[in-house]
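Listed after this line are the structures, all set down as structure tokens.
Consider the two complexes below, in which chain A is the common component and chain B and chain C are the respective partners.
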Partner chain A sequence: MTLLSKTITAFGSLLLAHACYSAREHTALQSLRAATTATLTSSPATAASLPVDIIIETIVSTFILLLGLVLGTRPLRPLEWRVWAGKIEREGEEGFTDNAGAVDKDFMGNPFSVLESRPNFVDIRKQRREFAEWVQKGGAQQGQ
Partner chain B sequence: MPSERELQISPVVQESLMHNSRTLNNLQSLTASLFGISAGVLGLESYAGFLYYVALSLLTAVLFYVVRVAPTSLASGGKGKKAPLDTSRYFRGAYDFWAGGLMNGFAGFVLTWTLFYGLVRA
Partner chain C sequence: MAPSILHPPVQLSPAAALALSQQAPAILRSSPSTVSSSPLNTLLSGSEKPEQWLQYENLILSCLRTGDDQAAHACLRRLVARFGNDNERVQALRGLVKEAEAPDNGALENVLKEYNQILGENDANIPIAKRRIALLRSMGRLSDAASALVQLLDFSPTDAEAWSELSDIYLSQGLYPQAIYAIEEVLVLAPNAWNVCSPTIAPDLSPMLMQRPSQIHARLGELQYMAASAPGAANGSSQKYLAEAIKRFSRSIELCDDYLRGYYGLKLVSKKLLNDGVKAAKQTDDSEFVLPDTHTIERLNELATAKLSEIVRHSAANDRGWRGYSEAEIAAARELLADDASAIKR
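Presenting the complex of A and B:
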């Protein structure tokens, strides 16, 4: 996505720069022509408007640039807490990436992770028992 | 705007709000400058230039809705599903979303409009 939007934006900028240069050259040419005709015939030459191809090029390049810029915006995040938390539960980090696929810097993860790992609620006796079993088993295996 | 009671029932994530409005603001100021450039190159004057800006910033809002808001807002099932052109999944006020760009990027638009008009026509 990011490569696509960058390509479109670069192409649109190129077109717009070309259109701008063309319009500049056109007006320079017009003023030069007006000056020469004024000295020759002394009749005031009317300033012609921009040629159609430059107008079309400008408008098309504006649309292309607009499309590229809109495609290059970062993905939005849900506003309501329940939608947002549900998205985190379902998609995890994948739901909060920018266009390049990197996880956002301010992504915090589950807002209730503090509750899910409360040290007060850890069954320390059970863990000690399991550890003792593991030590016995490991010691037996090492002894053999 | 939702009332206090509705906010208590369905709370809003402030960081998401800031992230979304920052994304939209960035896009609006960037595109406003772009519109100024093209209006200056086209050589628009007075009302034509302002009309050009209004039309294109509305188009920007529509395009942003189609690309970023609509795919998830319309596809999510259950109570999260929104009607078409409803931006309440990502933004607080509908007016801010659709017309916020008019005020937001106006200064940038006039700046680049006059600059490029002067550069091309001088």
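Presenting the complex of A and C:
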């Protein structure tokens, strides 16, 4: 997905740059021609507008660029509370990754889990005991 | 994927805690050992990040748990060097390290005396007050812990964590009405917390999912015991509790789609109600929540069964987007469903 959106964006900007360059060249040519005709005939040249192909190229390239940028944005977050909460419960970390697959920095799981884990009241001795028991049961080998 | 070091590591499994504490040397090496807070140094070395200090705190917790006391001391030294000895959080962390290393009860008593001394100098030192309560509870002095906690809540009544701890202490003493009252206070402070809604009336339904599946039946027995031995007329009040439980579980599902614990509890309660036979509630007090009729309860039961089996099926297949549930919870749900199925066969 990222590669696709990057390619499209690059292509769009290339087209846009090309359109700008063509427009600039066109106006330069126009003014040069106007200057030469003015000296020859001294009649005011009609202000010529840009040719249609340059206009079309500009518009199309803008849309391609937009498409690439839109494809490259990260997925939108749910708006409703219950959908958002359900996403946290159902998908865990996976639901909150950006396009590159890294977990968002501000993802914190269930923000209310603190009410159940209560880190300020942690019973560290019990945790140590339980961990020691787990190691004795050979959990360290299983965990790896 | 290793769990993030920026979240409190209290509820992690032993394996995850081990993985975290094994990161400790690398983290300690990669960050500077002393950070000066003088403006000149801040200009030269870039600003310090608050995450770094959070990392140290959480590392201390998981290192102490896995017995890596050296790394815990190293982290603590850095926190002391940055925030000084008198910082309340640092004091609490130092106490935590001492508690963890205390070899016997005498040493614990000494730690407790230190806490009392600190509180004597400044009795609004909330981190130390919380440590003291946790230590009292850890030493088995539950009623002391409860009264200390009530004192703490007297001058800091908006502390949801403390209310929740109070409820847990009451629950471990078997004081269900008090536990329910305390958890309702939490609900007042955090009305959108979907995990708090469910334990409200059946306080022991939710923690049981934290335990091993085998312990669930013991917990369930406790619940039934609680409902049956509630003060007053046995049948009427137990019905009241169950009605309240249905309401709470439904609320937690309303707050959170596909909430496994909510559906689990809903299924347990509705099953019990259906088995016992529902009596149509006659009292029409507007304040009381009356039990819905049998048909509604049956539909709730069906809904919970359908949802639970969907969740279990998806996580058994390890589908994408369904991997957030913990394995113990899934196993418990599967057991409940299997129980149900065997009952139908019979």
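Rule of thumb we're sticking to: the second predicted complex is superposed on the first by the 113 of 144 C-alpha atoms of A that agree within 3 Å, B and C clash if a C-alpha of one lies under 4 Å from a C-alpha of the other, contacts with A are read in each partner's own complex, and residues count from 1 in each chain.
The definition used in the following text is that contacts are C-beta pairs under 8 Å (C-beta built on N, C-alpha and C of every residue); 3 or more make two chains touch, one makes a residue touch a chain.
Predicted, not measured: the structure shown is a model, and the values here were computed from it.
Shared-chain residue A:Ala19: touches chain B; no touch with chain C.
Of the two partners chain B and chain C, more chain A residues are in touch with C. In the superposition on chain A, A:Val60 contacts neither chain B nor chain C.
With both structures placed on the common chain, the touch criterion links A:Arg74 to chain B but leaves chain C unconnected.
Judged by the touch definition given at the top, the superposed model places A:Val83 against both chain B and chain C.
By the touch criterion defined above, A:Ser117 lies against chain C but remains apart from chain B after alignment on the C-alpha atoms of chain A. Looking at the shared chain after the overlay, A:Arg128 reaches chain C, while chain B stays out of its contact range. In the superposed model, A:Leu50 lies in contact with chain B only, and not with chain C. Under the contact criterion defined above, the residues of chain A that touch both chain B in one complex and chain C in the other are 81-83.
Residue ranges on chain C touching chain A, taken from their complex, read 1, 4, 7-8, 10-11, 14-15, 17-19, 61, 64-67, 92, 96, 99-100, 102, 127, 130-131, 133-134, 137-138, 160-162, 164-165, 168, 186, 190, 192-196, 206-207, 210, 254-260, 311, 320-325. Residues of chain A that touch chain B in their complex: 16, 19-20, 23-24, 27, 49-50, 54-55, 58-59, 61-62, 65-67, 69-71, 73-84, 106.
Every residue of chain A that touches chain C in the complex is listed here, in rising order: 81-83, 85-95, 103, 108-110, 112-128, 130-132, 134-135, 139-140, 142-143. Chain contact summary for the complex, chain B toward chain A: residues 10-13, 15-17, 19-20, 23, 26-27, 30-31, 34-35, 37-38, 41-43, 56, 59-60, 63-64, 67-69, 72, 76, 80, 88-92, 116, 119-121.
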